[in-house]
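Chain IDs A, B, C and D follow the sequence of writing; residue 1 opens each chain.
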Amino acid sequence: MAAGAGRRRVPARRTALLLIDVINDLSFPGAGDLIRQADAMSERLARLKRRAVRAGIPVIYVNDNFGQWRSDFRQTVNHCTRRGSPGRRLASTLRPTRRDYFVLKPMHSGFFQTSLDVLLGALDVRTVILTGIAGNICVLFTANDAYMRRFRILAPGDCIVSNTARENTAALVQMATVMKADTRPSTDLTFG
Amino acid sequence: MAAGAGRRRVPARRTALLLIDVINDLSFPGAGDLIRQADAMSERLARLKRRAVRAGIPVIYVNDNFGQWRSDFRQTVNHCTRRGSPGRRLASTLRPTRRDYFVLKPMHSGFFQTSLDVLLGALDVRTVILTGIAGNICVLFTANDAYMRRFRILAPGDCIVSNTARENTAALVQMATVMKADTRPSTDLTFG
Amino acid sequence: MAAGAGRRRVPARRTALLLIDVINDLSFPGAGDLIRQADAMSERLARLKRRAVRAGIPVIYVNDNFGQWRSDFRQTVNHCTRRGSPGRRLASTLRPTRRDYFVLKPMHSGFFQTSLDVLLGALDVRTVILTGIAGNICVLFTANDAYMRRFRILAPGDCIVSNTARENTAALVQMATVMKADTRPSTDLTFG
Amino acid sequence: MAAGAGRRRVPARRTALLLIDVINDLSFPGAGDLIRQADAMSERLARLKRRAVRAGIPVIYVNDNFGQWRSDFRQTVNHCTRRGSPGRRLASTLRPTRRDYFVLKPMHSGFFQTSLDVLLGALDVRTVILTGIAGNICVLFTANDAYMRRFRILAPGDCIVSNTARENTAALVQMATVMKADTRPSTDLTFG
C-alpha cells in the first residue's frame, strides 16, 4: 500500500475524501510560502474532488473553527473567501457545495472531540483520502487518529501542503512508513 | 446541593447554561403530550436564559443534528420554526441569538463525540445548568457525562420536560441522588 | 426486545458478558442492604457466568480501580476476598479465572477513559449482557454508553442490584424503556 | 521551549515522567538495531527515573498490552524480563517498582482509549516528560495527544529511541517544531 509506482484503482464504496483546513484565511505571519503552495495545490485538489463526487464518494470538509464557537461554517466560508483574504483563492476554488459534509474541529486532529468518527461510521467508510493543510500538523494528526481507528489511509502527496517542502516530505514519509498510507499523487488514483 | 428548599445564589463566573434539543421539530408519533409540556416550559426557560445572559453567563445550545450532517444550525432553526412545525412555539421562543454558542451532537449525550468538553474548558466553566428535552434521555445522558467529568450540575426541574411527568420525575430524582444535582426550580435560582 | 415474557435464545456469537464492579470490598457506610442483595445475587450471577463460559461467550470484568492506580487487578481481587472484607462472599463467588478478561475503569461508566470499546471491537461483540452493581449507577452509566455505541443490551434483572430495590427497578425500567434493553431474568436466557 | 542549549530546571510539581513501551520483549523481525539502541538508552533512562523519583515526580509506565487482555502488567514484566527475551536488558534495567503507576494502552497513543488523562488529572500534572520507544511511533502519537490536551512536553532526546537514528531525529524535530517540545538531553534537566 506504500507510495507505489503506477496507477491505483480505489473502490468508491466505503471511501471518503477529507479536505482538511482548506477553508482558511491563511492570515498569519510568515504564511507567504504556504499561500503560494496552497494556491498551486487548490486546482489539483479541486479536480480530485470533482472526480470523487462523480464516483459517488462523499466529501467531508474537516475544518478548524478558529475559536469561533458561535459562527456556523457558512460564515467561515464567507470570511475566508472575502476580498482581501490571503486564503481567498484556496477557499474559493474549494468552496463547499450543498452536497458536501462538514465537521468542525477544535484542535489539530479531525477526530479529537468531533463527530467525525460517528459520521464515517454512518457512511460506512473504511478508507479515508486525506488532503489539505498543513501536512505536518493537522493532516498528520488526523492520519494518526485515523490509523488507530483502523482506517486505510490515502494521502496523495500533490494534494497536501505544509509550510516548507521539507516538512511536507517528512510528513508524507511518516504517513507512508508508520501508517502504511499510500502517498502517490492524486493523478495516479482512479475511482470506480 | 440536593434539591433544597429556598433560593440559591449561583455565581455567574465559571457557569454555563445548556439548552438541550430545544431546537426540535417535535414531529414524531405520540409527541402530543411532550409538545404541550414543552410549550408550557418554553417561557420559563426563556426567562431563565434572559437572566443568565444579563448576568454574563454563556448560553450553549446543545442540539441534535437529526442526521443532517450537511446542514448548519441556522437551517435547523429555520426548519423547526417554520409554519406547521409542531416544535414551532418551543423553537421560536428559544430562538438562538448571535451571542449564543452551539454544539451539534450526533447521539444522546452532549459530550459524546462533540466539542462540548473543549468549549466548556475554553470558557473555564465548572458548573453547568442543564435544561431542555427529554429529561430522561438526552438531558440525563448529558448529566451522566458531565458528572464523570466532575462538573457541578444544576437541573432546574421546571425547565426540563420528558414524555411523561413520571419519567421526568424519575430522571430528576436520578440526577439529584446519583449526580448530586440541584433540581430546584429556576425561579429559586439567582445569578450574581 | 423489551422485558418480555418467556425464554429467549441468545446467540453466543458476538455476545459478551460484563460483570461490573463485582470485585468490590463493599466497605462503605450504609452498605448493609447492598451487601445482603449482592450476596444473594452472587450465586445467580455465578450460574449465568458458568453457562456463558460453556457457550463460549467471553466474560469481561469491568471494575473500578478504587483509585489504586498502582495496583493490578490481582491485588484488587486479593483485597476484596480477604477475611473480613464485607464484599468477600460476592468477590469469592465471582472470582475471575485466567480465561476472563478485565478492564479497569476510573469512573462510573465502563466505557469512559478505558479500553472496553477496543476490546469489544477486537472480540467482534455487538451484544452486551450487563450485570453487577450498582444498577442505578455504574451499570446504568455503562448501559448509556453501550447504547450510544449501538450495542444491543441485555440487563438480566436478577443479576443486577442497587442500594434499594426501588432504585434497582427504576434503573431497569430506564434501561428497558430508553435503551431497549431486555431485562428478563438470567434464568430465561439460553445461549447457543 | 525548543531544544535549547544549556541546562533547564524543571519544577517537580505538576510534572510526570512517562516511560512508553519500555516493558517490551522486542521480539520482532529486524529488531536488532532497535535492541542495541534501547539497551544503550536503558541506563540513561534509569538514571533519569531515579532522579525523578528522588524529586517526588510520579513515574508512569504507559505500556502496550500486546493484545494480552487477560494478563496483568506484572505478567508482562515477567514475560519481558525472562531469560532469552530480546528486551530483557531494557525491561530489567527499568523494572517498575511498587511506587510506579502504570497504564495499559491498546493502540499507539498512551491517551487513546486509556485512563491516562484521568490519572494525569488526578495527579494534577500539566507537564509530561516523554521517554521510551519507538520515538517515531508510540512516543510521537502520545506527544500529539498530549499536545492537543495542552500538556507541556519534554522529550529528552537521549531517552527516546527509534528503529533508525534518522527516524528518531525526524520525530524529535517534529515534536520540537510542531508541539513546542523541549528535546534537550536528560542530562541537561534538573528537577526541583
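Just so we're on the same page, contacts are C-beta pairs under 8 Å (C-beta built on N, C-alpha and C of every residue); 3 or more make two chains touch, one makes a residue touch a chain.
Owing to the predicted nature of the structure, the values given are computational and were not obtained by experimental measurement.
Counting hops only between chains that touch, chain A reaches chain C in a minimum of 2.
Chain centres computed from CA atoms place B at the largest separation from chain D. Rounded to the nearest 5, the angle that brings the Cα atoms of chain A onto chain D is 180°. Each chain gets a centre from the mean of its Cα atoms; for chain B and chain C, those two points are 31 Å apart. Rounded to a whole number, the gap between the C-alpha centres of chain C and chain D is 34 angstrom. For the pair chain B and chain D, the distance between mean C-alpha positions equals 42 Å.
Residue positions 107 of chain A are each in touch with at least two other chains.
Chains touching one another, given as pairs, are A-B, A-D, B-C, C-D. Listing the residues of chain B that touch chain A in their complex gives 65, 67, 69-70, 72-74, 98-107, 113-115, 117-119, 122. Contact residues on chain A toward chain D in their complex (touch as defined above): 107-109, 112, 136-137, 141, 144-145, 147-148, 167, 170, 173-174, 177-178.
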